[in-house]
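Residue numbering begins at 1 within each chain, and the chains themselves are lettered A, B and C in the order written.
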Amino acid sequence: MVFEREIGFSTKGSLDMVDITSEVGRVVRDSGIEEGMVLVFAPGATGAVITIENEPGLVEDFKRVLREIVKTKADYLHDRIDNNAASHLRASLLGAGKCFPISRGELVRGIWQQIFFVELDVRRRNRRLVVKVIGE
Amino acid sequence: MVFEREIGFSTKGSLDMVDITSEVGRVVRDSGIEEGMVLVFAPGATGAVITIENEPGLVEDFKRVLREIVKTKADYLHDRIDNNAASHLRASLLGAGKCFPISRGELVRGIWQQIFFVELDVRRRNRRLVVKVIGE
Amino acid sequence: MVFEREIGFSTKGSLDMVDITSEVGRVVRDSGIEEGMVLVFAPGATGAVITIENEPGLVEDFKRVLREIVKTKADYLHDRIDNNAASHLRASLLGAGKCFPISRGELVRGIWQQIFFVELDVRRRNRRLVVKVIGE
């Protein structure tokens, strides 16, 4: 069995982080799939899906670390074309999708392990993530 | 067909790395699934699953690089609450799960490509990973 | 339903980046699977699969950032054995595989979101990636 639903939302631009855990859990329950896995995927080259505890201080720490690992401005070649090189580089590093197990009809995750979309683009965006459930 | 088994073990705390390749391979063989994929997933916000060659020097190099990319102490906001910000940040960066193909009943990987759990928490933990096999 | 095909190509060594998007799309179409997911996996400990826009400047920016995050030479212990520690460390950080959704018989991705193999080894290699499609 395969089930798909899109999750849509707006972001506030650079490094906005959106907790989508409950939406993903709802898609899993609505799929009727008891055992399998779910792929949460962000189409696009300037967004990422990660897991992190939803603690506001930690979320800020994550943004800071990401800015340190890939500096926002650093004479990137792509900035001569589109002025959002850091957005792309951070997205490539984090990855556009993550897979999670489904057991007994529920999304498997740790208590503090929330699923977030990370907006890496420099401006507000309307995002549509693809949540694909496979199993039986 | 879907098959699941948990892999349980204890870790020694911060940056302990546990080779789980043979356990994952055994789950794949026991599943009876000939063609498909397997998801190796660590529930929890302070652990990660990666692939790396099981060469003791390289494993130490990996720990060192991880400490350089995300410093252990750096006035993180989350450390005011729980004192393990770096654990969370490193886990979010590496990712909690990895997928592997299954072909002719065997886990597909390179000869030197071992599957490791990386303990990122600051203390000893009992861990239970979820290994989910899907295919036919 | 499960379908597999290998994608073979040669690389030019360290940080050669090969756009495999059209090959992966062809495997998805040839599989006849309408709804599901595809895993693009690089067997081996010195290669990675990522997504990034295929803009030559950005591709160079990505190589530069990767060299900054994991320095090529830094007294790594593994370099005493095999002289390619940075290759392994970069591969472990980026990950050997990525999953993508399949909807209405097509690979789901953003317009600028191309799939690349990143050669992290220090020499030319012949690579064979495994593309595994699961669905219905």
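In this section, a residue touches a chain if its C-beta (ideal position, glycine included) is under 8 Å from a C-beta of that chain, and two chains touch if they have at least 3 such contacts.
Fair warning: this is a prediction, and the values are worked out from it, not measured in the lab.
Colleague: I want to confirm something about subunit A and subunit B. Since they are copies of the same sequence, is their interface symmetric in residue numbering (over half shared, so same) or not (under half, so different)?
Modeller: different
Colleague: Expressed in ° and rounded to a multiple of 5, what is the rotation angle of the C-alpha superposition of subunit B on subunit C?
Modeller: 120
Colleague: On a C-alpha centroid basis, what's the spacing between subunit A and subunit B, in Å?
Modeller: It comes to 20 Å between the two C-alpha centres.
Colleague: What residues in subunit B touch two or more of the other chains?
Modeller: Correct list: 69, 95, 99, 134.
Colleague: Which of the residues in subunit B come into contact with subunit C in the complex?
Modeller: Interface residues on subunit B, with respect to subunit C: 35-37, 50-53, 55-58, 60-62, 65, 69, 94-95, 98-103, 108-110, 112-113, 134-136.
Colleague: Residue numbers of subunit C touching subunit B in their complex, please.
Modeller: Its residues touching subunit B are 1-2, 4, 39, 41, 43-45, 69-70, 76-78, 80-82, 85, 88-89, 91-93, 95-97, 99, 130, 132, 134.
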